[in-house]
Each structure stands twice: as C-alpha cells, then as structure tokens.
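We call the chains A, B, C and D, going by the order they appear; numbering starts again at 1 in every chain.
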Amino acid sequence: MEHERLNFKDRIIKGKWIGKLFLVMIALLAIWGIGSKAIYNPQLFIQQIINGLQLGFVYALIALGYTMVYGIVRLINFAHGDVFMVGAMVSYFAVGVFHLQQWPSAVFPGIPLYLSLTIGTITVILLSMIVCAILAMVIEKIAYKPLRNAPRISALITAIGMSFFLEYFGALPFVFTPNFIPYKRPFDIVTWYVNNGVHQLQAGKAPPQGSVIFSNILLIIVLVTIILVLALTYIVQRTKVGKAMRASSYDKATSRLMGINVDGIISITFAIGAALAGAGGVLYATAYPSVFFWMGMIPGLKAFIAAVLGGIGSIPGAFVGALIMGQAEVLAAGYISTPMRDAISFSILILVLLIRPTGIFGEPEAEKA
Amino acid sequence: MTDQPDPTLQTMLEIKGLTKEFGGLKAVNNFDMEIYPGELVGLIGPNGAGKTTIFNLITGIYVPTRGIIRFKNTNLMGFQPHEITQMGIARTFQNIRLFPNLTVLDNVRIAYHIHAGYSMVDAILHNRRYDQQEKALTEKAQEFLSVFNMHTRQGEIAKNLPYGEQRRLEIARALAASPELLLLDEPAAGMNPKEVAELMDLIHFIRERFNLTILLIEHQMRVVMGICERITVMDFGEVIARGTPEVIQNDEKVIEAYLGRGAAAISQQLREKRSHVA
Amino acid sequence: MKIQRSTLAFWVPFIGLLVLVQVLSSVGILSNFWVTLLKIGAVMSIICLGLNLIYGFNGQFSLGQWGFYAIGAYAGADITYRWTQLHSASGLVVVLLVVLLVALAFILVSKLMSRLRGLDTLSGFTLYIIGLLMAAVIAIFIGRYLINPITNLLNLLPLNIASQIVFFFAVLLGGGVAAEVSYIFGFPVLTLGSDYFGIATLGFSIIVKVLLDNSDTLLGFEEMKGARGMIGIPKMTSWIWVSIFLVIVIIVTRNLLHSTHGRAIISVREDEIAAKAMGINISQQKTITFVLGSFFAGLAGALYAHVNGFLHPNTFSFIKTFDPMIIIVFGGLGSVTGTVAAAFTWALVLEGLLRLVLPQGFETWRYVIYPLLLLVLMLLRPQGLFGTFEFPYLRQILPPIFQPRNSAKPTETVNEIPGDGA
Amino acid sequence: MLLNVKELNVFYGAIHALQGISFSINQGEIVTLIGANGAGKSTTLNTVSGILRPRSGKIFFNEKDITLTPAEEIVRFGICQAPEGRKIFATLTVLENLEMGAYTQKNKKDINDSLEIVFQHFPRLKERQNQLGGTLSGGEQQMLAIGRALMSRPHLLLLDEPSMGLSPILVEEIFNIIQDINSQGTSILLVEQNAQMALSVAHRGYVLETGKVAISGECTELINNPQVAHAYLGAH
C-alpha cells in the first residue's frame, strides 16, 4: 500500500521552467533597470563600463591570492584583504614620505622625467609586493602552519584574528591612525576624453558634454594586472614550482613522497598571492587616492566573492569573476541603487552558486563513493 | 541462459537499460539485471568498471541518465535516497562509512530513526511518549547489537573499533534499517583469508536469519565464486558476461578481460606446493 | 516523575547563580554596567547555542547567524516601539499575522512540493517566494482591520502587564520572523557544499546589514531610521527575562539532542551519504536545524534590542558575524556547557575587563589584544576550552549493557555468530 | 645491506601501531611485507618514507641513519614510494605527473633518460602522456604511480598494495613489470594484501601481525609454512 501511494512515476514533472522563469524575470528586471536609463545616455554607460573595468582589474589581483591560497590549503584567508591594505600603506610611505618614485632622477640627474617616473613607480610597486610577500609568509608561519593538522575551522579563526590584528594595529595612533589619509600618487594623472577622437584633457577643465573620459591610471592598472596575471599563469602552468603547487594542492602527502617540500610550496603560494595583493594595493590607492586602516576589508570581500563566483581554486575563474564583480558593482551603483550595491553583488553570487554550485570555472564535485 | 531462476517469480530488483553519464563519459551503459527474492548475486569487474556507480544509482544517490530501476514493481525514479532506504534497500560502502564520532549504539539507533515513533515536539517536551518510545527503540537497538555480539561494546566510539569490527558494525547498521535487499560494496576489501572466511560465514548467517536478498560487489574471486549463486561481470560500464560461477570461470571473454590465464596457473602452482607440504 | 541527581546537580547551582545575580543587582552590589554585560552574555549564549546546533551538531558552516540576530532585533524592537511610542499594537498584530500566514503558506507550498517530484531548487524557491509574498500581502490587508480592536483589548489590561505581554510576544515574534526568513533562505542555500554555504550565509549577513542601513528609505520603516540608528526602544529586557529564555533554550537544545531527532541531526554532520543510506532525510534535518538555530538567534536579537534601547546597523556589521563562530569554537564545538561558558566569558572579558583594564587613551588596543588572545588560545587549544566536556545533565547517558533474557543465550549467540574470532 | 630497520615503534595517538619491527633489505632484492589489515604494513612503509615519525627505533639506508629525516628529504637519498590507492595527481597530465616524480632531479638529461626508461616499462603511458591523470583507467593509474616513483631513480622502490582494486589480469601484468624493474637493479619493498602474488615474486618475506614481525624467511619457505598458508594463502 505504502509503495503504491508513493508510486508517482507519472507525476514527476519537469518543473524547471518555474526556476528558469524566475531567473529570466530577474535578468529582465536588471536589463530594464540598466537599459532604460543607459539608452538616454550611452556615453555615461560606456563610462561606467570603463570604471567597472578599472575596479575589476584591481579586484582580480586580490582575488588571485584568495583563490591560490584556498586551492592549496583550503583556507579562506580573511587576512588577505588586509595584506592588500598593507601594500597600499607601504606605497603611501614610500611615495609620500620617502619620495621613492623620484630615486632615478636623484641618482641619474640627466634622465628624462617620464623614464624616471616609470622606473620609480615600478620600484614602488615592487617594494609593496616584496613587503606583502614577506608579511604573508610570516603570517603563514606563525598563524596557519602550526594548525595545519587541526580542524579547518581553527585556521579560519586565526585568519579572522590575523585580519583584526592587522587592521587595528594599523589603526593605532603611532602606526597609522584611524583616519582617512590622502594618498599622493607617484605620478601625475593624465586624463583623455573621447569625443570625435581622443584628446588630452587640460587640467582644471571639464570635458565637453557627452564625452567618455579615461586616465593613464586605467591604462596602468590594466597593463600591470595583465602582466602579473600572465606571469602567474606561466609560473603555475609551466615552471617546476607551479607544477609542484598544483600537485600539492591536489595531494599533500603524495607530493612529499615525490620529494616536494610542501611547506615551502605553501609558503611560496602565500607569498605570490600576497605580492599580487600588494601590487593591487598600490594601484587601488593610486586610482582612489586615500588610504586608511579599513580599506582592505570591502575590496578584500569583493575580491573574495569574485574568487568564489569564478570557482574558488581556479585562476582564470578568479580573473573572470573579478571582472564580473567590477562591472556588477559599478552598474548596480550607477543604475539600480547605490546603497544596495554590496547586497546586489552578493545576491549575484548566491544566484550563481545556485545554478553552478562550485562557481563558473569550478570543478564539478567529484564522484562520491 | 539455462541457469536463470524460474521466470514466473516476481523480481526483487529489476534494472533495464540503465545508463549514467558523467560529463559525456558513460560510467554505466545499458546495464540490465534481475534479482529474485532470496538470491545472492555477485557483481564483479575491474576498478572503474561502474560497479559502485550502479549501487549509487540503485540507492538514489545518483539520478540515472536513462533506464529503469524497479524494486518490487516500484519504479525508483524520482525517489530520494532516504525514501529508497525506507522502502527496504540498505547498503554498505566500499570504504566504511560509519558515523565515526558516535558510539556503536548510536550508530545502530540512527538506523531506527525512521521508525522512532515520536515527534520532535515530544522530544523537546520529554513527555511520556518520548520516554516510552525512546526506551523501546534503545532496547531494540541493544538487542540487535547482541545478535551481532557487539552489545558489550555499545559505548565505544565507532572510529576506535578495529577494522574488522567496523565492517561488522556497518553491516549490522544496514540491517537495522530492516531491508529486504542488501547491497554490499566490497565487504572483503582489506581482509586476510581468515577474516574473509569469517565474513563469508557472516553473510550466509544474516541471509538466513533476516531473510535477505543480497547483491554483492567484490574483487576477491574466492568470495564471489564461493558464495554467489549468480554473477554479472562488468567492464567499461557494460555487462560482458553473466551466469553461475562455473560458467563465469570458463567464459572466454571474462578470462580475456578480467581473470587472465596466468592467475589460474599461479593458483594451481600454489595449490601443488601446498599439497606437497601436506 | 523521578528526578535524577544529575538533573538537580545541574539546575540547582545554575538557577541559583541566575537568582544570585538578580538579588545582587536589586540590592545594588552589582552595578548596572556589569548587569548589562551579563545580559549580553546571556543573549550571546542564546545565539551561540543556536549556531552550535547548526555548525557544532549539524555541521553546516553558517556565518548568517548575525543576520538573523539583526532581523530578530529589529522585528522585536519595532513591535515594542510602536506599542510604547505610538500607543498602537500595529506592530504586534501585523507581525503576528505575517508570521502565522507565512507559516501557513510555507506548509502549503511544501505540501505541493512533495507532490511535484523532481522539482529543482530554484523553482521550489520561486514557489516559496510567491507564497511568502501572497501571505504577507493578505496579512497586511487583514491586519489593518485588527489593529484597533486589539489595541483596545490590550488597553483594558493594566499598562504594565500589557507591556510585558507585548514584550513577550515581541521576543517570540523576533525569533519567528528570523526562523521564517531562515527557512526561505535556507531552502536553496542548504543544498550548497560546506564552504559555499558559509559564503552564501556571510552574504546574507551583509545583505541584511545593507537593508538595515536603508530601512527607512528602501524598506519603508520610518521608525527604524536607517543608518542613523533606532532609538526609543523600551529597555524591557530584565535579567529575569533573559534568564528565563536562556533556561528554555538550554532545555530545548538538550532535549532535542538526546532524542532520535538529535541523533539524526548529528548523523548529517558525521557522514551525509551514510545518513542518506540510513533513511534519513538530510535536507529536512538541515532545514530543521537551521531554522531552529536561527529562531534562537532571532530571540536573542529581540532580547538584545531591549537591553540598551538603541539599535544601529553597525552593530550588525558582517565583521561581528564571526563573533558567535569564535565563541562556539572556543567553547568547544558540540558542547552546550562550553558554549554558554565561552559566551559569558567573551562578554565579560572583551566588553568588560579589557575596557576597565586598559588605561585612558589605550582603548584602541582592545582590538589589538583581542586577536592576539584569539591566536594564542587557538594555538594552545585548537579543540576549544571545553572540548567536548558536558555537565552530566547535558551529557547523553548510555543505557546499561543489554542482558539477553535467558542466560544460556549469550554463549549461544557467540557460537552462532561467525567472525568474532579476530 | 641496503635498508636496515631496527626495533621500530610507531604510535597513532594512544594506539601502538608498530611494536618493535625489525627487517632488512639487501641490494637487488624484492622483500615483501604481508599481513592482515591493521597489522602495520602501510605504517611501516610510511615510516620508512618519512611520512610518519617513529617514537623509537632506527632506520639505516646504505649504512646512513635516516630515521627522522622528513619525507621530502628521503627521496633524495634514493627511496621512493608508490603509495596505496595510487594517489596520482588527477589534475595534472601524465607527463606532469612523471615530472613531479623527478622533482628532486636537477639534470634535464637525467630526467629525459628516466622518462625513456619509464616509457619502456609502460608504453601505454607514452601514448597517454598529455592526458589528465584522472582520466586514466585503474590499471593505467597504477602504472603511472609506479612510473612516477621510478622517475626519481630510486635505489629502493616502496610499493604499497599495487594490486589493490585491479582485475586479476592486470595484477599479473603489474607483477611482471615489478619483476622487470627489479631485474634492472632496483630493490623493492612490496606491501601486499594479495599474499599469494607477493610471495610468488619476492625473494624474502616478513609476515606482520598486530604490529610485530611474526614469521620471516625466504618466500619459498613461507609458502610452505603451514601457518602462513592457513592464514594468508587461504588454504583450508
């Protein structure tokens, strides 16, 4: 009897259309919300896309660190966003206090200004990357390594602790003070506008109506990020260390049996991720010129969402996820609701996870025994 | 095939045209099988041939791409794993899956959850009904453990048991769900011949005592050939042979793909050596 | 009914302690500062017991607890605010109706879902959303006609008693709203794997915070005043009220865990696939635990709202969502005793002791010392301060070893059972 | 003596897993450890390769004490393990898996030579060198696991249950290859559940019972030992 009642072979319905309809409705709402406004001012729309691109590329640099660390130790490294903040602070001191970006002109007086500033800026970025890499290795050594065999939650708690520590230590009066501090860019901003051709925008003047503007900062961010991502991809795919990283992230014990120093590889992974975040910190501070002790929290969180959206553990996933995140944030703020933009980013994440539970590029879950 | 049981009998489990694809790869392809009440059927084949996938399909952990699984004339399509268990199919796992941090007793008591007979409200209020039913349930579980001679170890944490006991507890737990069809996934894995012999006796015992139909995945030919009445051989998701142990042992295709000629020769050799000693 | 010694050994000192605090504070020995901290400790215990159910016992890594806490706080506060400030039971009536009708809608939809098999999560979610919206609209529509009669009815009672009744319902409904939100949010999200579930729930906390920041504009609750903070909530959470709720929550948790339903909840944490194979409906178990845990969070939120009489969205910032997680890890995952002890310790040390000990001008050091303490403790005791320790009353007792009825049987079974030789 | 293990004691928490195990391997030998599940076979292997740390006891390799050397260092001494359950890197290609095996090798030419040797033993791996490890069949994965271990040019190869989960026909093939590898000069320590197979290819064997060596000797002796025959070879 029981089984008869349960025998509803005929009642199995293909009800997926309800969910699909729901998604379509949301998509239509979003398109309508954006499109109805964008159509009256297409220049503004393109401008938003460009702004989103700038943001997305910075997020990409942070997201890569999250994804790499998660890939190898399955740890959501909450302190990563604060490493990004440290990167920005290092460059603040380097540029604002020590004028490091001017060292080539000081050492070689005859050098042309643009070359001097290029070398100087690269030095600043490299310095931030190195400091962040060392910081991350130290954090890994004292806070995560001793807990490698403890339950995963323990390491997560120390990660949160580390994040608090970096923030509030930075906020101490003699370290960095809890205030916003204006950031001096290592180079001067140059802005162009596109309106019947590309023109340079004179300082202090407004661009003509209906033009799209972009600056050298956007170009630098895109360029630096692309170079770093290509370098990272090369390291991970082609070099021995990169292969060892992939092997260790798959199976640590066996990697040790092959002679791979897994602890060293983990340390290197943290260092590389942090170096990328450090570079991101410099670029972010240059683009949005102020620094303060909390600045790592929200971009860190966004980058983290981006990494999950793309499929945590996947490098192309982090990159694509970050670009999506950048666009989503800017478009949501510009066309839907500024205060709601964080909520919208997260709603997108939750929706994507419901459709693809492991993110866009994530490996589908393996066969279970 | 002459060794088929009487076709007029009602099948316990009937599988037709079962196919499961994982991202284009066919883990199981067009698999057919019939099991009649009271039978002990073996499923063999090399690793990755799709045997465990079939268990996962029967128990509802995977949803088939195509095909029909019918348990006592009920199509299992669309049922959740727990519902399938409640209908009377229980299983063990290739790598033992106990509730590792719980006691032996709790491992068995969880199997009685579906017949617990009191609601969550009863539990929260700790009322009379809770007291009675919980007591009855516990006694039932203890009595059941005593059948497996594990009642004195009720308080031990499952993960601390020795390997063989864990296997036994897993089988006991599966039986506590009072199944009619029991699926055993490589029960002899990691056992030495002596333990294997004991396991074979245990399987015989539970089959009689609980009036079970059993489907068994196993690698060790001794077990399969020793206790199964019928055997199905799989390779690359497809059935390559089926029949009684004698038929299988002499099947050209099976020897080619699975058994090999040398294996027979080596065991022959060993047998001779041993007979010298004896 | 026979009362066991372990029961007395637990309740007598525990209740004694609660009463002692009440007496000391009425006499004036215990200053308001410390009583408030103790109240916060109790509130924290309730949230953490909820989270311990979800994470410690059911194994679902949730960072959404703080969001449900916020929902409970604002829902509860709105009810009492309207009662004391606007002299209207509108909050109580509407929220009560919404909670009841939405519950009805959920039951109906889940009945429908069990008939429509093979429905994917997203479609189910859509159905639930439709049900929720319809129920809410109907509730508000009907509620309009009920507000005045019920306000008048309550006005018949003495003001003090009426207020206490409203408060009691406000707390319960705070939990109820949180529970229902957790049900509809948990329905799709509980299907995600462990870490992803954690991230989605973290997202939930953030979304709630953003909504609260804009509660006056986007949600239309003017009295919540969005990011300016809600003031004028009556400070009705007395030590007696928190004690009562804490005791109830402990009893419910304990009784639930010591039943077959508790074992089913724990089996999901231990091994989902094995639990499925044992006939346990794991999605049901996850939902029940998540909803109950969130209900506790909502209760705690509503209690908290009436401690200081002031709510600000920043209290519910996502950074704080880690606090309950930290507490239950320190208390020992899966230990009720540890959770309560750690929650009180957390409140007293972090909010009380560190504030008092640090000299003027060093307040900012509080959050430098706190993470360092965290780090050191985690390195020294990764299993938590209490591990899996429980008071005897809270511990599950093993029944006496089974004695087969006739004495000849055991040996018989030994012979009967093969495989005992090892 | 290539490997000399003396009085090894290993604990898992409170469990005394190895209770004073001693054994040795001579240059060019195949030595097998057989025994029931939980007797300590894999534990012994993992202790030798440095994954586990013994509480007491000594391990000498080429007369050098390697007792507390970490696993990644031990490979450099010339001991490499093909672990139980194959444990190949499923997300790396076959070639990358093999490169990981040669992680300790610095010289490009040496690596290429080892690759040649491995492909000689396992021509099937050559055909599939650009495939992901996870897409190989069970038997091919076992070949890859052994091949990967060979890439480090070990003097001593540790094999943990190479026959596990393989069809009888593949077991035979794998054991033939094991003998080939041995005949080219690599000593082998073989842990096996399939005692019949193991004793038929090995020179000497040790029977482990609950963390102790119960019986040891030449394989021909062991096969004829009635105790062994009864418990491990399935004679009735």
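In this section, a residue touches a chain if its C-beta (ideal position, glycine included) is under 8 Å from a C-beta of that chain, and two chains touch if they have at least 3 such contacts.
Computed from a predicted model, the values in this text were never measured in an experiment.
Shared contact partners of subunit C and subunit D, listed by label: A, B.
Ranking all chains by how far their C-alpha centres lie from the centre of subunit B, first place goes to A. The chain pair with the larger count of C-beta pairs in contact, out of A-D and A-C, is A-C.
With centres defined as mean CA coordinates, subunit D is found 44 Å away from subunit A. Taking the mean of the C-alpha atoms as each chain's centre, subunit A and subunit B sit 49 Å apart. Centre-to-centre, using mean CA coordinates, subunit A is 34 Å away from subunit C.
Taking each chain's centre as the mean of its C-alpha atoms, subunit B lies 41 Å from subunit C.
Not a single residue position of subunit D touches two or more of the other chains. Touching of two or more other chains is recorded for residues 61, 78, 83, 93, 162, 164, 194-195 of subunit B. Touching of two or more other chains is recorded for residues 117-118, 273 of subunit C.
Contact residues on subunit B toward subunit D in their complex (touch as defined above): 45-48, 162-164, 190-197, 219, 221-222, 255-260, 262-263, 266-267, 269-270, 273-274, 276-278.
Against subunit B, the residues of subunit D that register as touching in their complex are 35-38, 137-139, 165-172, 193, 195-197, 200, 223-224, 226, 229-236. Those residues of subunit D whose C-beta lies close enough to touch subunit A in the complex are 49-51, 70-73, 75-76, 80-81, 83, 87, 89-92, 96, 99-101, 103-104, 148-149, 152. Listed in rising order, the residues of subunit A touching subunit C in the complex are 8, 11-23, 74, 76, 142-143, 146-147, 150-151, 153-154, 157-158, 160-165, 167-169, 171-173, 178, 297, 301, 304-305, 308, 312, 337, 339-340, 342-343, 346-347, 349-350, 353-355, 357-358, 365, 368-369. Considering their complex, residues 117-118, 252, 255-256, 258-264, 266-267, 270-271, 273-282, 288, 398-399, 401-402, 404, 410, 413-414, 416-422 of subunit C touch subunit B.
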